[in-house]
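In the two complexes below, subunit A is the common chain; its partner is subunit B in one and subunit C in the other.
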Partner chain A sequence: MEQTLEAPRASAAAAVQPKKRQRRPRSAKLMAGLIIAGAIALFGILGPLFLGDPNAISNDTLAAPGNGMLLGTTQTGQDVLAQLAHATRGSLTIGVLVGAMAIVASAFFGIVGAYIGGWTDETFSLITNVMLVIPGLPLVIVISSYVPDKGLLLIAGVLALTSWAGGARVLRAVTLSLRNRDYVAASRVSGEKTWRILMVEILPNLMPILASQMVFAVIFAILGEAGLAFIGLGASGTWTWGSMLFYAQNGLALRLGAWWWFVPPGLLIAVFGAALSLINFSIDEIINPKLRDQTLAARKRWNTPRTKKLTVPGTEKTSS
Partner chain B sequence: MRFYLQKIVFYVVALWAALTLNFFLPRWMPGNPVDILISKLSAKGPVTESTRHALELMLGTNSDEPVFIQYLNYLGSVFRGDLGVSVTYFPANVTDIIGQSLPWTIGLIGVATVISFIVGILLGQLAGWKRGSWLDNFIPVTTMFQAVPYFWLALVLLYFLGSRIQMFPLSGGYDVYTVQPGMSWAFISSVIYHGALPALTIVLSSIGGWMLGMRNMMVSTLSEDYIVTAEAKGLHPRRIMTAYAARNAVLPSLSGFAISLGFVVSGSIVTEMVFSYPGIGSALLTAVQSNDYALMQGIFLVITISVLGANLLVDLLYALIDPRTRVRA
Partner chain C sequence: MSTLEFHNVVKEYRLRGGWHGRTLKAVKDVSFAIESGKTVALVGQSGSGKSTIAKLLMQLERPTSGQILFDGVPVQNRGAGLRQYRRDVQMVFQDPFASLNPFHTVGHHLARPLKLHGKAKTAEETDVAVAELLTRVRLDPEMAAKHPHEMSGGQRQRVAIARALAPQPRILVADEPVSMLDVSIRLGVLNLLADLQRAENLGVLYITHDLATARHFSDEILVMYQGEIVEAGPSDEVILNPQHPYTQLLAEAAPNPEKRLAL
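The block that comes next holds the complex of A and B.
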C-alpha cells in the first residue's frame, strides 16, 4: 500500500524542486511499477519453495496474525501466508499465459486485417467489434460452467478469448496509418513478401503499443480469473488470489471478522494491478509525449515566452 | 441516415453472434447437460416428455433433427421470449425470473454508472486542466482502485461499513421483514439504503478509468491551437475549460463507453453476489451453483442484449453530439 504512493510523492517532490530535470517523475513511475511488480513476482516464484504446504491443516484455527504465523490462519488452521505465496504463483501464471495468448490474437486480428485491407479487414474488424461489445465475464462464466474439470490452461484460454478485442482495435488503427507510410510503400514496391513487411517493417513500430496492450491483458486476466474463482468456477486444484477469496467468503471470514484472510489476496491484486498500470503509464508517455506528466513549474518555464504575451492578467493563475 | 443504418446493422450482427454463441456453446461442450438436468428435475417431481423435449431443443442434444433446424427453432423460441424452464426455481420460466431480477440490476448499475461517469469526467477535466496539481497526482491512486477487483472492494466495504460500524445493511435489496414492496416511501427509502453500499463499490472501482481517460484527452486537447486562440481572445478560463476543451475532450470517453460498460457490468455482477442483491448477478450465481443451464444462458443473453442496447443508444446519441462521425461513416 505504502509503496504505490511513492510515484505521486516523487513527482510532488520534483514539483517543489524544479531544478531537478523533468525526466525524474517519469522514471520514478516506471521504477516504482517495476520494483513492486518484481517484488510480487519474486514472492510468487520463491515463496512457495519456503513457505510449506498451503493445504496443511492445524489445530490453530482462525488465529490472528502474529505468534509465528505472519498472516494468521484460516478456519481450518491453514497458513494464510503459504496460501498467499501459492496463490500469487497461480494468478501470475494465469496472467502471463492470458497476456501472451491475447496479444497474439489481437496482433493477428488487428495488424494482419488492417494491412491486407478489403474484405479481410472488414471481416476481422467486425469480429473484433462484436467481441468487444459482448460482455466478457458473463461469457466466461457460461463457458466455464459447462466444463467440469478445468485446468489452468483452459481457464487461461477462455479468458484470452474474451480479452483480445480491445487490443486488436488499437493495433488496427495504428497499422492503418503505418501501412501508408513511404518506407512501407517502398518495401512493397521492391517486392518484399507480405509477411516480411509485417514482421520487419510494421511490427517493430508497434512494439510499445503491444507492450502496453500486454500489460492490460495481464491485469484483465488476473481480475477476470479472480472473479471467476470467487464464484467457484476457477481452475480446479489450483491456488489463485481468487480462489483464496472464494474460500474466505465460504468460510465466513467476513462474519467472523477474519480480515487477515480476505484482505491480503485482494490487496495483492490491487497493488500488482497498480504497479502494472504505473508501467503502462510510462509506456504511454513514451508513445505519446503529450501525456508526459510535466510538473507545474517545468510547464510554466517553457510556457513563459508565449504566455507572457498572450495571457490576460488573471488567466495565468488558473490556466497553467 | 446511412450512419444510423450502419450502426443498427452492426448491433443486429452482434446480437446474432451472441445468440449463435449461446446456441452452439452447449453443443460444443463435453458431457450431456440434458441428462444432468433431467436427473435434477426428477428429484423435484415427475418429468414430462415435453419438458425433456424442450430441454433437448434448448441444449441441443436432440439428434433427430438436423442442427440447422434446431438452430431455427431456437431463434424462434428466443424471439417469442421463451428461454426455457429453470431447474432451480422449477417450474418457473426463465423469462419470469429474469423479469423479476432485471429491474434491480438495471437500477443499481444504471445509477452507479451514471454517477461514476459524471463525477469521473468532471474530476478528470480538472486534473487535465491543472496538470501537475495534487488532483493530477492523485490519479495513479484512483487507478489502483481500478485494479481492485470489484467484489473484493465490496467485501472490504461490507466488513468495515456493514459489519464493524454497522452503518449499512449486510445483504439484500430492501428490508424484507418490515417493508412491503410497493410505491411507498418506506419501500423506496429502504431500497436506496440497501443499494448505497453496492453503488458506492461500483462508483469507487470504475471512476478511475473515466478520470484517467478524460484527463489524458484534456491534456491533448489543451495543446490545440484553438485553445491558444481562445486564451488570446481573453476568454474567461472557466469558459475555455468547459466550452472549448472539455466539450471536445469528452468525446472519446463517450465512444469508449462500449468497452467500459461491458467491464462495469461484469464487475457489478460479482458485486451483487457479495451483497446478495436480488439482481441478475445473484440469479446467475444461483444458476451456476445448481447447474441451471437454461437460467444461465438466459441471463447471459439478457446481459448481452442490455449492454448492446445501451451501446446502441450511446452510439446514436454520439452521432447527435459529434456530427463528424455521421460524415465519416
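The block that comes next holds the complex of A and C.
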C-alpha cells in the first residue's frame, strides 16, 4: 500500500514547516492597497482625537497652508485638517456600515434562496431583480430628500438598500453550483442541519466572493455618500468628504483659489477608492488564479529586455 | 442483524422545457434487499439509475412511489427517525475530490459525524476517535490536520470511508468508490472496504460498472438496465450463466484472460 508508506514522509514534511499550510499569493497590489487604505483608516480613527474642533470659527479666514495650520482654513476660519480628519471618520463609518448591511442582505437573499430552492428562491430572486433594476442614486436622492431628519444611519441604510442586489445575484449563482457539490450531500448524509450546512460548509467557500463584494460595496457607499452630500442631501451634522466638498463649493473655494479646501477631500476619495480597488483586484486574482497568471505573464513581458527577442533567430520573421 | 429493503420503488423526474411536462423514469419498480454481513453489487452502465438508487437509499431524494424499509419499518425522512437512520446507513461517494469540503481539514470531516451521532463528546474524545478512524482506514493519524487538497485521491477516498464509518453504521453504500481513482490504488481501497465489511459485519451495497470487481467482492449481483433490475442472483451464477441479454452482453465484453482469441 503506497499510502501507508507515503503518509509518515508527508507528515514529517508538514512538521518541518508547520504554519505554511497554504501558500498565500502575496502581490504588490494587495500590499499597496492595504497600506494606503490602512493609513487613511488610521487617520480617520486617530486624527479626530488629536486635532481640534472642526466647527470652531476663528478670525484667520481662508488662510493658505502654513502658519500653524497644516492645511489652512476655510472661509469661516475653520481648521481644514481637523475637518478632514472628522470627514475621513464619517466617510469610513458610512462605508463600513453600508458594506456590512449590504453584504448581510445580499448573503441572505442570494445564499439562502439558492440553497432552499423552490418558491423561496423564486421570491428572493424576484425581490433581487426588482432592486437591481431600480436606479440606485436617483432613489437615494428621492428618499433622502423626503426625510427631514437625516442621520448617518439613515443615509447608510438608504445606500445599503440600493447596493445589495448585484452581489445577491452573484452569490446566488455560486451557491447554486455549490449546493450540488458532493460534500454538501455528504454532510446531509452525515445528518447536519440545514443552517449548519449553509454556515459551515457553504459559506466559507464563498468567503473570497463575499470579501470582494464587501470591498465593492464600501467603494460604492463612499462615492454615493459623497455625491449625496455634495448636492446637500447628506447626513446632517456629520462631517464627510462629500460634505467638505459641499461647503467648499458653497464657499466659492474654487473661485477664490483656496485649493487647500477642496483638494484634500477630493484626493482622499480618489486615493481611498483606488486602494480598495487594488485590494479588490487582488482578491479577484485569488478567486481566479488564471488572472494572476495573466498578470505575471504580462509583467514578465514588460521586464524582458527587447533586445533579447532579437537574438532568437527566425522568430522575428515568422511573427511579422 | 439489519436489513434494508426496497419494495417496488419508482423514481420519476419531471423534465423542464416544452409545453407538456415530460417525466423521466430513472428507477422503475425496483425491489431488492441488503443484509448485514453481505455485499450486494449493483451493476449497470452510466444512466441506468444506479446513483439514483443510492440517493433514494440515503434519503437525498424521495421515491415517487414504493417503500424503503429498514428492519421492516418504513424509513422516516425527517426528524429523529431520519437521524437514527443516518446513524445506521452511511454512504461513500464516488468522487473523493468533490465529496470533501476543500475549506475544512480531515479532522473536521471526521469529527462532525462523531459529534452529531453522539459518538464523542469532549474535544479529547473526538481527537482520539478521529485518530482511531484514520488508523482503521490505514492512514496516519497525523493526517487529521491536513486539508483535502494536500492528499492523493486514494487518501481522500480513505478519509471519505472513515467519515462514513464514524457513526458506526450497519449498512454502507459505496457508489463507485474507486472509479475516480488511479488504477494502481483501486485494489487497495476495495480490499480495505472488504476488510471493514468483514470486521464490522456491515451490509454493503457496492455500486459499480465493473463486473470483475463486482464478482470478486460481492455475494450477490443485481444487474440494472434503464432503471430496472433485469437480473439478480448469486455472483458466480450471474456472471457465469447470465440469463438476460444485457447481462450476457456485459459478461461478453469483460476481458477474459483464459479465453484464447481465434486468430
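One rule holds for everything that comes next: the second predicted complex is superposed on the first by the 263 of 320 C-alpha atoms of A that agree within 3 Å, B and C clash if a C-alpha of one lies under 4 Å from a C-alpha of the other, contacts with A are read in each partner's own complex, and residues count from 1 in each chain.
Methods note: contacts are C-beta pairs under 8 Å (C-beta built on N, C-alpha and C of every residue); 3 or more make two chains touch, one makes a residue touch a chain.
On a predicted model such as this, the values are computed, not experimentally measured, just so you know.
Enquirer: Based on the superposed arrangement, let me know which partner A:Gly191 touches: subunit B (first), subunit C (second), both, or neither?
Expert: second
Enquirer: Tell me which touches more residues of subunit A here: subunit C or subunit B.
Expert: Per-residue touch count on subunit A favours B.
Enquirer: Given the touch rule stated above, what does A:Val263 touch, subunit B (first), subunit C (second), both, or neither?
Expert: First partner only, subunit B.
Enquirer: Applying the touch criterion given at the start, work out whether A:Asn250 contacts subunit B, subunit C, both or neither, answering first, second, both or neither.
Expert: neither
Enquirer: Contact-wise, after the overlay, does A:Ser58 reach subunit B, subunit C, both or neither (first, second, both, neither)?
Expert: A:Ser58 sits against neither subunit B nor subunit C.
Enquirer: If you stack the two complexes on chain A, which partner ends up touching A:Arg181: first (subunit B), second (subunit C), both, or neither?
Expert: In the superposition, A:Arg181 contacts subunit C only.
Enquirer: In the superposed arrangement, what residues of subunit A touch both subunit B and subunit C?
Expert: Residues 4, 7-8, 11, which sit in both footprints.
Enquirer: Spell out the part of subunit B that touches subunit A in their complex, as residue ranges.
Expert: Residues of subunit B touching subunit A: 10-11, 13-14, 17-18, 21-22, 25-26, 29-31, 33, 129-134, 136-138, 140-141, 143-153, 155-156, 158-159, 163-164, 216, 219-220, 223, 228, 231-232, 234, 236-238, 240, 258-259, 261-263, 265-267, 269-270, 273-274, 284-285, 288-289, 291, 293, 296-297, 299-300, 303-304, 307-308, 311.
Enquirer: Residue numbers of subunit A touching subunit C in their complex, please.
Expert: Against subunit C, subunit A makes touches at 1-4, 6-8, 10-11, 14, 21-22, 181-183, 185-192, 200-201, 204-205.
Enquirer: In the complex, go through subunit C and note every residue touching subunit A.
Expert: 58, 60, 82-83, 86-87, 90-91, 93-95, 98-104, 112-113, 116-117, 138-140, 142-143, 145-147, 150, 152, 154-155, 158, 160, 163, 166-167, 184-185, 188
Enquirer: Show which residues of subunit A lie in contact with subunit B when the two form their complex.
Expert: The contact residues of subunit A facing subunit B are 4-5, 7-8, 11-12, 15, 29, 126, 129-130, 132-139, 141-143, 145-148, 166, 219, 223-224, 226-227, 230-233, 242, 245, 249, 254-255, 257, 259, 262-263, 265-266, 269-274, 276-278, 281, 284, 288, 290-291, 293-299, 306-307, 310-312, 314-315, 318-319.
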